[in-house]
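Next, two complexes with chain A in common: one pairs it with chain B, the other with chain C.
Let's look at the complex of A and B:
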C-alpha cells in the first residue's frame, strides 16, 4: 500500500504538471494544442543537450529548457496562432495548425537530435528503501518535490501576480477582459509562452528519470488530454486533479491488476468513457464551457 | 546588342549544362529498392536504422559507379515509406511500391505490419524482407517474405542455455510490452525456458509501449525474485528505463533480451546499472568486421552524425537483394527467378573477414530458405560498450 501511494503521488505530480500547460493554453485561447507533447519532448532534449552533453549544471539546463520553450511558445502564438484566430472563427483551423506543428516538431527533433532514446546522468544517486515496503530512488523523490513546488508556484503566480490575474480574466471572458483594459494580444502571447514553458519545464525535469526520445510526444499529448478531460477543460485546478487521479489510477492498476496482464489502461479508458458520458464537462468544468 | 548576346550565350550554356547534366545523371539506369517500415513514433529507431543503412549503402554504391547486374550497371535508388507501425499504412506503403514497379522491399519492422502486407506482396510480385518473427510468414505456402535478422526463437534458447550452464540461472521472469511482437516473443521465450528446464516465476506482467516510468510495472515482478529477468522484445527506448528501475528496486540477477540494443542509449539511460545486460547484437563485432564494414560505419556516421549498432544487421538486406539479382539478373522483373536462385545462392560476404559467405538459411525453422544468414552475435554490456559473449550461426 505504501508503494502504491508513493507511486501515485509521484506519477500524479508529473502528470499534473504536463496537463497544466495544455489546459492553460486551452483556457486562454480555446486552442487544443496537439503539439504539447512535442514541446515537452523538446524541453527534454534542451536539458539533455545542456546538462547531458555540455555538462552544464542541471538547474541552468532546466532554465534553458524553460526559456527556449517560452520563447518558442511566444513566437508560435504571435506568428501562427494569433493570425489564424484573427482570420478564421472555425475551431478546426487552430486544431489543424496545432497538429501540423506537432509533425513539424517531430521532424525537427529527428533532424537535430536523431531517433535514439537519450538520457542524462542521475542528479541524485541512491535509493530510499524502507524495509522493502517502500522503495523510491532519491532522484524520483527530488523530482516529485520539484514538481509539487512548481505547481504551487504556478498557482500562486496565477492567483496573486498582475499577469496571473490578467490571464485569469482573459480565460473567464475575453471580451470583458478587453473592456477592462487587458491587452488581449499581449497576454495571449504571454499565456501561450507560459503554457509552452511549463511543457519545457516538465520535459527538463523528467528527462533525468525517463530519458527522452522522438516518439514520446504523441502519447504524452494523449495522456495530457485525458487528464484535462477528467478535470475539466480549461480549469487549472481540474488539470491538477485530473493528473493526480490518472497517476493514482495507474499506480493502483499496475499494482493490483498486474497478474491479469496489461488491463490497467483498458479500465482507465472505459472508466473515462463512462465518466464523460455522465459528466462531459469533467470534474470542475462548466457545462457551458 | 552585347547584352542580348550575353543573354543568348547564358541561355545556351544553361541548356548545355542541363542536357549534359541529364546525360550524366542518366548514365546508369536506376534500380529502385523499397523500404516500408516505422520511422516515426516510439519505435522509430528500428525503421530509421533500416532506412539510413540502405541510403548509406546506396550512396556508397552510386558514388563507386553503380552496381553491376548482368551486363547492366545500375544506380540504386531507395524509395521509403513510413508505415507509422500501423498495418493499414504498411499495406498502403506496399501498394505504393507496387505502383512504382518495385519488386524488392525491405521491411516492415513489426509482426502485424509484416503479416498485413503479405497478400499485397504476393499478388503484386514483391519480395519483402521483414524484421518480424511469425513463422507463417516464411513457411510454405508463404513465398515472398525473407526474414532479415535472427529470430528470438533462434537466439533465445542459445542465450538461456548459456545462462543456465555458465551462470547457474534456475528461475526466470518475463516482462513484455502489450503489443503483438513483444508478446509473441515472450511466449516463444517462455516455451524455450520451459524446454530447458528453467522455472518461469512470472510471465504475465506487461506494460504500455509508451510507459515512461517502470517502477510500478516491475515492483510485482521483483517480488518473485527471479535469477533472470527477460525483457521480451524490448525496444531500445524502453530498455534503459526497465534496467534502471529493476536495479533500483534491488534486483541483483541477470537481465537479458533477444532484441538488438544500442550501447550509447544504454550508457545514457542506465549508466553502470546496465553492466552485465545481455542482448543480441548487430551482426558484427570488431573481431569479425571486414574493411568494408568499417567503411560502411564511417560513411553512415558521416552521413547521419551517429552510427546505430542495429545497422550492423540492417546493412545486409539490400546487399542480399543486389547480390541475388547479380546471381540471376532475370530476378529484376521476375521474383520467381529470384526465389529459385535463393535455394542455391552463395556469394562472398563483404562485411565479414575471411571467407564468410552470404546465403539463405531457415530450413530448420521454416522448412524453406527464407532467412538471410547473418551471424548471431550475443553481447554483454560493460562500462559503455558491448563485449561479445559468443557468436553462433543459424539454420
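Let's look at the complex of A and C:
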C-alpha cells in the first residue's frame, strides 16, 4: 500500500507538470497543442545531449532544455500560431497546424537524434528502502521533489508576479485584459513559451529515469489530454488534479490488475468516458471551456 | 448545367480515364494507391459530416477499426459473403456510435475532440484484449470477396478468380466513393442538412426554435461512423488482414487533416484533401529520410497561407454563404 501511494505521488507529480503546460497554452490561446508530447521528447533529448553526451552538470543541461523549448515556443507562437489565428475563419484550423507541428518535431527528432532509445547516467545512486514496505530509488525521489518544487514555483509565479497576473487575466477574458492595458500579443507569446518550457523541463527531468525515444511523443500527448479532461481544460488547478488522479489510477491499476494483463488503460479510458458523460467540463472546468 | 457536366467529367475520369491511363503506363501499383484514397475519403467524409454539426471528430479510426474487425470476423468465422458483411460492418459501427454518442455528443469543442481521440485508443486496446479479435496477432488471410449473382446473372465476379483483383477493388472502392459523396451532397442540401447548419452556428438557438438537437447529432454521428465502418471493412478486405494497429490515433488525426485540408465548407473537400495528402506523402517518398520533414513543413506552410482549406482558393465567393 505504501508503495502504491509513493508510486502514485511520483507519477502524479510528473504528469501534473505535463498537463500544466498543455492547459496553459489552451487557456491562453484556445489551441489544443498536439505537439506537446513531442516538445516533451525534445526537452528530453536536449538534456540527453548536454548531460549524457557532453558531460555538463545536470542542472545546466536542464536549464538548456528549458531555454531551448521556451525560445522554440515563442518562435512558434509568433510566426505560426498568431498568423493562422488571425487569418483563419474557424479557430479549429489551429489544430491542423498543431498536428503538422507534431509531425515536424517527430521528423526533426528522427533526423537529429535517431530513433534509438537513449538514456543518461543516474544522477544519484542508491535505493531508499524502508523495511521492504517502500522501495524507491533515490533519483526518483529527487526527481519527484524537483517536479513538486517546479509546480509550486509555477503556481507562485502565476499567482504573484506581474506576468502571471497578466496571463491569468488573458485566460479569463481576452478582450477585458486588452482593455485593461495588457499587451495581448506579447503575453500570448510569453504564455506559449512558458507552456513549451514546462514540457521541456519534464522531458529533461524524466530522461534521467525513463530515458527518451522518438515514439514517446504521441502517447504522452494523449495522456496529457486525458489529464486535462479529468481536471477541466484551461484550469491550472484542474491540470494538477488531473495529473495526480491519473498518476494514482495508473499506479493502483498496475499494482492491482497486473494479473489480468494490460487492461489498466482500458479501464481508465472507460471510466473517463463515464465520468465525462456525467460531468462534461471535468472536475474544475468552466462549462463548455 | 455546369454542375452536371462537372459530375459527368468526374465520373468519366475515375471510371474510364484513370484505368486507361494506368493500363497505358503499366503502373498497376497505382490502383492500390487510388483505392486507398477512395476508401480513406469515404471515412473522411464521415468526419466531415460531424464537422458539419460543429464537432471536431478525431475518432474515425475507432469506427474504421470496428468495421474492419466486424467484416473480418463475419467473413472468416461465420463464412458470410463479404458484400453482405460490408453493410453489416457499417451498421455495427453505427450502432456503437449511437451507444457512445448519446453521452459524449453532449460535449463540445475541444472536449469532444479530446474524447474522440481517446476513443481510438480505447478501440485499439479493446481489440488487443478481446479473444474474438485474436489480440495482437490480428486476423489474417481473409479470403478475397466472393461473387454475387442473381438468377445466374453475375453481378459481381469472384475476386479470387480475376486476373487483376486490384482493378476490381479500384472499381468497387470508386463506386462506393461516388455513392458516398452523392449521398453526402443530397444530405447536405436536404432538410437535415439545413438543420445541421443551424446547429453548427448555435445549438441553443436551434433547439429553441424546435430542432431536436440531441436526435440529430446522434443520427449524424451514426451516419459518420457508418461511413467509417464501411471504409475500414473494405480496407481490411484489400489488405486481407486486420490488426489492432490497422487504424491508430495517427490515422484518426489524418482523417481530420483530410477534411481541414480540403476545406470544411465544401462537401467534396474531404475527397480532395485525402487525394492531396495521400499522394503528397507518396510523392515525397523519393526524399527518403527527409520525407516526414518535407511533408510536415508543407502542411504547416499550407496552413499558413490557406488556413480555410484548399477549395477556398478556387471559390472565394462561396465562403460567406457557407459560414
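Methods note: the second predicted complex is superposed on the first by the 287 of 289 C-alpha atoms of A that agree within 3 Å, B and C clash if a C-alpha of one lies under 4 Å from a C-alpha of the other, contacts with A are read in each partner's own complex, and residues count from 1 in each chain.
As a convention for this text, contacts are C-beta pairs under 8 Å (C-beta built on N, C-alpha and C of every residue); 3 or more make two chains touch, one makes a residue touch a chain.
Quick caveat, the model's predicted, so the values are computed rather than measured.
Q: May I ask you to decide whether A:255 touches chain B, chain C, both, or neither, giving the answer as first, second, both or neither?
A: first
Q: Once the structures are superposed on A, label A:218 by its partner contacts, choosing first (chain B), second (chain C), both or neither.
A: Once the two structures are laid over each other on A, A:218 reaches both partners.
Q: Counting only touches as set out at the top, which of chain B and chain C does A:110 meet: first, second, both, neither?
A: A:110 sits against chain B and chain C alike.
Q: If you stack the two complexes on chain A, which partner ends up touching A:84: first (chain B), second (chain C), both, or neither?
A: A:84: touches chain C, not chain B.
Q: Classify the contacts of A:97 with the two partner chains as first (chain B alone), second (chain C alone), both, or neither.
A: Touch status of A:97: second partner only.
Q: Just chain B (first), just chain C (second), both, or neither: which does A:229 touch?
A: A:229: touches chain C, not chain B.
Q: Let me test your reading of the model: by the given contact rule, A:162 touches which partner, first (chain B), second (chain C), both or neither?
A: After superposition on chain A, A:162 lies in contact with neither partner.
Q: Just to be sure I read the superposition right, which of the two partners does A:265 touch: chain B = first, chain C = second, or both, or neither?
A: Both partners.
Q: Identify the overlap between the chain B-contacting and the chain C-contacting residues of chain A.
A: 106, 110, 218, 261-262, 265
Q: Using the touch definition up top, name the residues of chain C that touch chain A in the complex.
A: So the residues of chain C touching chain A come out as 56, 100, 103-104, 106-111, 113-115, 117-119, 121-122, 125-126, 128-129, 249-250, 253, 256-257, 260-261, 264, 289-290, 292-293, 295-297, 299-300, 303-304, 307-308, 319, 323.
Q: For chain A, which residues are in contact with chain B within the complex?
A: Those in contact with chain B are residues 3, 7, 10-11, 14, 52, 106, 110, 114-122, 127, 129, 132, 135-137, 140, 206, 209-211, 213-216, 218-220, 250-251, 254-255, 258-262, 264-265.
Q: Quick check: in the complex, which residue numbers of chain A touch chain C?
A: Answer in residue numbers: 26, 30, 32, 34, 80, 83-84, 87-90, 92-93, 95-97, 99-101, 103-104, 106-108, 110-111, 218, 222, 225-226, 228-229, 233, 261-263, 265-266, 269-270, 272-274, 276-277, 280-282, 288-289.
Q: Considering the complex alone, what residue numbers of chain B touch chain A?
A: Per the stated touch rule, the residues are 39-45, 48-49, 178, 204-208, 210, 212-213, 215-217, 219-221, 236-238, 240-241, 248-250, 262, 264-265, 268-271, 304-306, 308.
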